[in-house]
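In what comes next, subunit A is part of two complexes: it sits with subunit B in the first one and with subunit C in the second one.
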Partner chain A sequence: MIAIGRIVLIALGIAFVYLGAKGTLEPLIMIPMGVGMAAVNAGVLYLSATTMGTIFIDPMVSDPVKLLEILQIDFLQPIYTFTFSNGLIACLVFMGIGAITDVGYVMMAPFSSMIIAIFAEMGTIVTFPIAVWMGLTYKEAASIAVVGGADGPMVLFTSLILAKDLFVPITIVAYLYLSLTYGAYPYLIRLMVPQRFRGIKMDLKGIPKITPGEKITFSIITCTILCLLFPVAAPLFMSFFVGVIVKESGVKPFVEFLEKTVLYGSTFFLGLLLGVLCEANTILNPKVLLLLVLGSLSLLISGIGGIIGGYVMYFLTKGKFNPAVGIAGVSCVPTTAKVAQKEIQKVNKQAMILPYAMGANVSGVITTAIIAAIYVTLLR
Partner chain B sequence: MKKILERKVYWIAGTIVGLTGVAAVRLIAPGLSGVMNTIAMISGYVLSLAGIGIIACSAKDRAIIMKNEWQKVPETSQSNGKGPE
Partner chain C sequence: MNTAASMGPIQLAAVTYIICAIISIGVAGIIKLLVGYINMQKKRTAAKAATESGSPQ
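== the complex of A and B ==
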């Protein structure tokens, strides 16, 4: 059975590389992940099916003496032990995301951004009781529910703390679906938002210009308050806001370091390690099918919630807000914002909503971090 | 001084509201039990997030003030590309 599982995973890895290179799936994650997946399963195909660990990595080793031994044998073990187990890789990705994020978009339309982001968390909240009802423990249910926030590093961070045994399948499910949002969310927009609503032009003249000083002050105060409120997620908040502040302070060497080396370096190793962790022994778990269903459900409900938030804003502004912006509340920065803009421009070429969509997008990152922090605080 | 305070009112109010919320969650709630604890916790979280919201509103408010000031300036100076002093 394990051998068949490994052959299937080799084929899946090759498919990921192909679809990533073609652009159907997110290439930044899927190419290294696919290569890792195919290589690890091929490498261990003729090894024992009963022992955990591979010639690449042993994710389940916890005994300090054995760990020290493995660190000198498995070549990817040092990266796994020193960046995955402690959540460093998620924080590094978050620093990079911070460095490419403009909080000015939230500050120019704070009310609409926050309303939409709160509605777009519907999936992370509603999926939790559904997952418990389907037989997952509270910790596992919370970890898979966070997929609805559409934030890869957040899912990794939460599942590493709450459901370490399932963090590999949960994170893979998350990244797999995140790369599919680009393909699936346009259909959801078309289904829920009729053409006449999608064509609504939004006011861009009243948008205030936010100074870097204001962005830095907002970021440092928000970071401090959030760290005081949710200490368990303080590393994530710190990582995100340090990226934002470095960007706004204009220290070019740091900005380039964070948005290129740190972001792309950590994304590459995240993809590669996730692929290598997809060894049949680790991933073939009866709960994986359940996770696949719940992950997609969570993202779907979040997308629906976001569009409902868009409609709420439409009614509050008496028809001046384009409801399709709501999808950007799902915080897959900047994919969902781009999806919204693309769909709207198909109907009305002059309609520009990207600043509002980015505001909802960045707010979504913050609200997802808050929800993840609440889960971790309550369930750890 | 009054003008500076007017322009910073959102920042100051937001920070005070946010930190009051933190105090409710971290200092007041642990000393209470039962329903009072839950009430203090929830109101603390809501206050903190409201504080962040108030701070976020500061820039929008500044833009509205600037827009009003801009409209007060005679048309000739606007056409010369000069904004409000």
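== the complex of A and C ==
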């Protein structure tokens, strides 16, 4: 069984590399993940007369003496132990995301952005009881439900704290589906939003200009309040907002460091480590199929919820808000905002809605962080 | 937390959603207040500058 599992995972790894290189799946994650997956399942050797394994990583070792020994042998063990298993890598990715995010879009229309983002969190909420009914524990259910927030680092952070045994398959499912949202969400928009609504042009003249000083003030106040409310998720909040503040302060060496070295470096090692953790012994868990179903359900319900949020804003603004913008509340930044803009422009070339979509997108990051923090606080 | 363990899954999900909605709307409110306060300060500064440039030395 394990041998067949290894062959399947090698083939899957090769497929991920191919699809990532082609652009069908997100290449930044899928290429290192695919290489890691193929290599770790092929590079099996006899570690002793009776045990087989690899010299990449041992994620299960907990004895400090054995860990010190493994740190000197398994080549990715230091990166796994010091950045992955403590959630640091998720925080580093979040710092990079903060450095490329413009919170001005949220500040120019805070209530509409947040209302859409709240509706787009439906997947993270509805999936939770469904997962419990399907046999998962509360902690496991919360970890897979957070996939609906479409935020990879948040899924990793939550599942590391709440469901350490399942964090590898949950995170793989999350990143796999996040790569696929670009392909699937346009169909959801076309199904739920008729052309006459999709073509609504939104007013950009009334958009206020937000200065860097205002963005920094907002970021530090919001960061402090959220850390006060949810200290267990304070590392993630701090990581995101420090990236934002560095960006708005204009300290160029720091901006370049965070948006290039930190973001791409941590994304690369995240993908590589996830791939290497997909060793047949670790990943072939009977719950994986269930996680695949629940993950896709969570993202689907979030997409539907986001569009419902778009309709709510349409009725609140008496027809001035384009409901298709609602999909951007699913916080796959900036993918879902671009998906909304592309679908709307197919119907009306003059309709420019990207500022509103980005506002919903960034608000989605904040609401997903809040929901993850609540789950961790209540269930840890 | 023991309270969470004693709640049913639907109750827990509902509580989570309500808390998230309250905090998110609260954050939106803070942004609105902040932007409003900054604009008010700008108007005051502009009005003061206009008064000072208009009054003879």
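Just so it is clear, the second predicted complex is superposed on the first by the 371 of 380 C-alpha atoms of A that agree within 3 Å, B and C clash if a C-alpha of one lies under 4 Å from a C-alpha of the other, contacts with A are read in each partner's own complex, and residues count from 1 in each chain.
We adopt the following convention: contacts are C-beta pairs under 8 Å (C-beta built on N, C-alpha and C of every residue); 3 or more make two chains touch, one makes a residue touch a chain.
Source: prediction; values computed, not measured.
Partners subunit B and subunit C clash in the overlay (superposition on subunit A).
In the superposition on chain A, contact of A:Met107 is made with both subunit B and subunit C. With both structures placed on the common chain, the touch criterion links A:Leu273 to neither subunit B nor subunit C. In the superposed model, A:Leu379 makes contact with subunit C only, not with subunit B.
When the two complexes are superposed, the chain touching more residues of subunit A, out of subunit B and subunit C, is C. When the shared chain is aligned, subunit C comes close enough to touch A:Phe128, but subunit B does not. Look at A:Lys209: by the touch rule set out above, it reaches subunit B but stays clear of subunit C.
Look at A:Leu228: by the touch rule set out above, it reaches subunit B but stays clear of subunit C. Contacts of A:Thr217 after superposition on the shared chain: both subunit B and subunit C are touched. Judged by the touch definition given at the top, the superposed model places A:Tyr138 against subunit C, while subunit B stays out of reach. With the contact threshold set out at the top, residues 106-107, 110-111, 114, 208, 210, 214, 217-218, 221-222, 225-226, 229, 370 of subunit A are in contact with subunit B in one structure and with subunit C in the other. Interface residues of subunit C, counted against subunit A in their complex, comprise 1, 3-5, 8-10, 12-17, 19-21, 23-25, 27-32, 34-35, 38.
Looking at the complex, you find that subunit B touches subunit A at residues 11, 14-15, 18-19, 21-22, 25-26, 44-45, 48-49, 51-53, 55-60, 62-64, 66-67.
Partner subunit B is touched in their complex by these residues of subunit A: 104, 106-111, 114, 206-210, 214, 217-218, 221-222, 225-226, 228-229, 370. Note for the complex: subunit A touches subunit C at residues 106-107, 110-111, 113-114, 117-118, 121, 125-126, 128-129, 132-133, 138, 141, 208, 210, 213-214, 217-218, 221-222, 225-226, 229, 363, 366-367, 370-371, 374-375, 377-380.
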